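Handing you a structure now.
Order as written gives the chain letters A, B, C and D; numbering starts at 1 within each chain.
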Amino acid sequence: MTASEVRCAVVGATGYTGAELARLLLAHPRLALAQLVGHTKAGRPVDEVLPSLAGLVAGEILDFDPDAIAASCDAAFCALPHGASAPTVAALRERGVVVFDLSADFRLTDAATYEAWYGAHGAPALFGKAAYGLVELHREDLRDAGLVAVPGCYPTVSVLALAPLLRAGLVEPDGLVIDAKSGVSGAGRSPSPATHLPEAAEGFRAYKVGAHRHTPEIEQELSRVAGAPLRVTFTPHLVPMTRGILATAYAQAKGEVTADACVEAARGLYAGSPSVHVFSDGRSPDTLWVRGSNRVHLSYHHDARTGRVIAIGAIDNLVKGAAGQAVQAANVRFGFEEGLGLGAPATWP
Amino acid sequence: MTASEVRCAVVGATGYTGAELARLLLAHPRLALAQLVGHTKAGRPVDEVLPSLAGLVAGEILDFDPDAIAASCDAAFCALPHGASAPTVAALRERGVVVFDLSADFRLTDAATYEAWYGAHGAPALFGKAAYGLVELHREDLRDAGLVAVPGCYPTVSVLALAPLLRAGLVEPDGLVIDAKSGVSGAGRSPSPATHLPEAAEGFRAYKVGAHRHTPEIEQELSRVAGAPLRVTFTPHLVPMTRGILATAYAQAKGEVTADACVEAARGLYAGSPSVHVFSDGRSPDTLWVRGSNRVHLSYHHDARTGRVIAIGAIDNLVKGAAGQAVQAANVRFGFEEGLGLGAPATWP
Amino acid sequence: MTASEVRCAVVGATGYTGAELARLLLAHPRLALAQLVGHTKAGRPVDEVLPSLAGLVAGEILDFDPDAIAASCDAAFCALPHGASAPTVAALRERGVVVFDLSADFRLTDAATYEAWYGAHGAPALFGKAAYGLVELHREDLRDAGLVAVPGCYPTVSVLALAPLLRAGLVEPDGLVIDAKSGVSGAGRSPSPATHLPEAAEGFRAYKVGAHRHTPEIEQELSRVAGAPLRVTFTPHLVPMTRGILATAYAQAKGEVTADACVEAARGLYAGSPSVHVFSDGRSPDTLWVRGSNRVHLSYHHDARTGRVIAIGAIDNLVKGAAGQAVQAANVRFGFEEGLGLGAPATWP
Amino acid sequence: MTASEVRCAVVGATGYTGAELARLLLAHPRLALAQLVGHTKAGRPVDEVLPSLAGLVAGEILDFDPDAIAASCDAAFCALPHGASAPTVAALRERGVVVFDLSADFRLTDAATYEAWYGAHGAPALFGKAAYGLVELHREDLRDAGLVAVPGCYPTVSVLALAPLLRAGLVEPDGLVIDAKSGVSGAGRSPSPATHLPEAAEGFRAYKVGAHRHTPEIEQELSRVAGAPLRVTFTPHLVPMTRGILATAYAQAKGEVTADACVEAARGLYAGSPSVHVFSDGRSPDTLWVRGSNRVHLSYHHDARTGRVIAIGAIDNLVKGAAGQAVQAANVRFGFEEGLGLGAPATWP
């Protein structure tokens, strides 16, 4: 389907991902921002809730009304917490709205796995019906999707970094270690002790060691690429900065492998992907270099002393790790150029 | 003059202001980025020098060649240090290139003042020939300018905050105090002890107390608005963050003044200015709310206990305080809509 | 009174000021940390609440029991919110405990002023009975005090910076402007949107413009020094860092004044004060240089162009602005050397 | 040997490690700071070079004079770059001064390994003559040492985290991965693009992937513990903060292993070590909790899904990773209590 203009609602517009969706849609030539929907802040002026929109977006945050959205919008981006998202998505799908869901509710394909990590699902009838929105690897699945599950931030960068190695058989699928580091915006907009500046600004720590819910999503996608089930050791950390994820992934090389071969595999896999850049000049990614953009920076290193390949990826967790990726998926879904409205470089420094 | 596409060179492209110019021109529908020029880094790949452009801009940084610029470009943005800028600008002007100069070389109108604060001028024949590029106050002067002096970052926010009060006669022109705070990117890209993260990240300090070179520029412009010479006490400070300037300006109220009257004066003066937003809901600006954007946020407060008006303004020093303002001036100069390519909200948070 | 060892309780030990008190008392040769008291966290292990004490302090946070404190302690440091502090202080005073109160409840001497800024007082019978614990200016008042009101963080640095100028008659008492900037720890340990790292880390803003409750405290103390009532315009700002306050104060010079004369006045006034250092080498204070210490750095500047004196002071808001000052007052009260246990330089960088 | 007071010189006093040595020695009851020696800044006032010492330490930075040091000091702490350190150390050793060398020059025991990673050694006659100053594991070697090689920051935390597991045979010695993250002060005091706040503050990146010089030091010490040569994959990263290192180490469990067994092994090994704390309440270390202190925080996690043990350690790179560890070694060397002068908790937050 190709439309001249696709009208979009943002549901859950008052969190950081919602704010990013608003920013990206305001600048998009074909996707139009039609509604900003929020629950607890419904009725408040947009610019009071999202101060960066002062003088740019008038009006108020609307309460969620699926009929009103269906009446005036073609698509909805849902940026709600997992659990809360499923029934909202169901209500929109019943009314024919194309939904891009940024929660975890529709990312997993195995119901038992979902339940083990998240508990009971909020819309079982829809479970397993979504296309997985990691555009670089699932582009074709998105073209006629009614529901797109936008990947999590950690899975996005982890899978994009490791997929070329597994697909090309350059590394062993067993024993993968992913050590990931995220800016604090990944924890969302709700204040907490862990995100309170005095306790976050000059500290660095791991969290949810061996227990982060993005683990099964990473395993699902890497298993798909590898063609067989695999498991990963995944450890997230909190970086004293606002935006950005860097994932450092460790894999055992299979036979004779060079960094160049890894770069070549990645460049091959991402040849038609405008968001991805693979370094081959010795540099490795820096989250600052992608901050505010939909870009993915990758590098590959071979530690000949230990026979390990180290794959490093960086994204902005709120853009390529959330809102930007959702827009990218929408571009594919509605027949636009994949990078439309997403071509801006990072706001650097 | 209106052109369908204006081809632009960025001279001094390897500093932060140059990088911002590149970012803004890449996204601009009518101004085209034609050349990235640098001196010490000429010949190096663009994306090695400006890592955010990796995968987006191919080619190398070019050495400065005024003939080549004149042959292929209509306009040049010069982002060079003061002193170094004047002869470069002169070479381009001689060849008919419209120049937007982001240095301090052409901002002052009084030669003796320039010399007192900066020393001998590098292109005396051109001195006094520039239009001052603070668009909100000098829009008409820019329409046929050959050389535009893009204002300094501190003067931009200080003058925009105080001008409505002085113009409306709401405050005394004597005794103004401007206490300004800037992110570290204002110090440029050259590393120094003062910008070394361990000595900058958890510290706050004033610098150049009573001696900052933006003082005469602020005084020149505020005197112009007030219609009589005035002096200001100006103290800049360094904030442990990358971008943003907040200016807190103190003025003695003239007779009965209210915060509302100040807001009204500012809204009147900036009625046709798409970049400016004046708060009237009790909030005061936060540099985060304008980060990465060309926006100006202003608020006005009246301290009835002391009879003082406090005017607060926030901008992104690299955008509205430099590159964005230059593009805004170019929009006016070339007959485009003033906010063309500059409408994006801040990348928040 | 001189004691070989003074046993101390910290009431309100689970906030940042309480944590600093614990740190300073652990290192103090004569003041012994006897009890850590907290309300909402009573019963929890100390090191769970104050993670820096892991392996150093065993036991639990105790609930408040004034009899138990009176039975085992000579002194108490109360680090509670204003309002909540007064009745706690009263209960301890009734039992003969010497109290150092870090709240605002006993700092003001005029009841009407207190009520206008804070509302009804929680222990009216004690109001006006405290010694004001700004040691450098009120040392003698502390020697036999039963209750010491430890000054607020902003008043400490503001008053110490301006007092020498007013006392020596170097500046006009009218028209003082104090532009102050504080690290986020000044907002306390409770998370809030304003202190949430993503909305605080790369932003700078003013708050409570013309309305901060430290204003009357500053006015009270500066009026005392000046010998006549005066008013100040006081604007606090939030700096994206954890600790430190810098105050930039502006005053109109009286007649012929030099920076050297200001330095001399300050050095004279603070000759016997081990915490204070006055720069005379052109440098101005940086909060990083006092971070973690009980030190006060001051500098004085004369802007000959406008006839203004600029006084700049820096402290660590949690040390000299709170816990350190309380310990300093306790040293005086109990006959120890004023700087005992407080001599450490900043943890720099 | 036990002395009532040991007089100490700090050679290389003008860098961050030197500044920390000065801070710790000033507070130490038995080690006396006798000389601050620097090369490029000799003759400049101490407090101009080390601003936190303003008002606390008078005098000037001295030029290096080994005879003068030998005449007046018992010990010297050398905080010089590798390469520059060796001849300085040799000059002091020839004169009988006990030396604690904080460079890498004497940490390795295999000359070929040193040469492969660092090039020719600056004092071959002394190579291999140093005791390795990781106190917790080499306490006895230090008691009569003339030269102590103070460990590197990354090796300190990595070895302390993994040693208990290897010693107890809980993990396989093959396939260790150490993903380490350091604050920017680890890069020293010299400004560079990588440490320039605008390019460091909101970014996170790896560096020297597979090539950091601390790798052979980690391998040497872990091999010693394991009783057989082993290799590690070591990747350091730069965290946008000033101080602190967190190391996340991954090891394959040997048979049935629990987190509790790992904790028990660590507590056993570090039973007499006052600096070490091992969490067993589910928390993992945060660098903020040890900032400014000589403490080591450790935690152990077992990922049953993948059979991996994750060991996490945190230190302050400038204290336990450098100056504090040197003082701790000196305490042992001179017969003082190991934790003397080092007992302070972190300055938190």
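What we mean here is this: a residue touches a chain if its C-beta (ideal position, glycine included) is under 8 Å from a C-beta of that chain, and two chains touch if they have at least 3 such contacts.
If you're wondering where the values come from, they're calculated on a predicted model, not measured in any experiment.
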item: Far-end chain from chain C, centres as C-alpha averages; value: A
item: Equivalent interface positions on chain B and chain C, same or different at half; value: same
item: Separation of mean Cα positions, chain C and chain A [Å, integer]; value: 46
item: Inter-centroid spacing, chain C versus chain B (mean Cα positions, whole Å); value: 39
item: Distance from chain B to chain A - Cα centre to Cα centre, in angstrom; value: 35
item: Touching two or more other chains - residue numbers and ranges from chain A; value: 16, 183, 185, 198-199, 201-202, 240-243, 286, 289, 291, 349
item: Touch list for chain A against partner chain B, complex; value: 16, 19, 22-23, 26-27, 48, 50-56, 185, 202, 242-243, 276-277, 279, 281, 283, 286, 289-293, 295, 297, 343-349
item: Chain A residues touching chain D - in the complex, by the definition given at the top; value: 175, 177, 179, 181, 183, 198-199, 201-207, 209-210, 215, 231-233, 235, 237, 239-244, 246, 248, 250, 252, 284-289, 291, 301-306, 308, 310, 312, 314, 349
item: Partner chain A, residues of chain C touching it in the complex; value: 16, 183-185, 189-193, 195-198, 200-202, 240-243
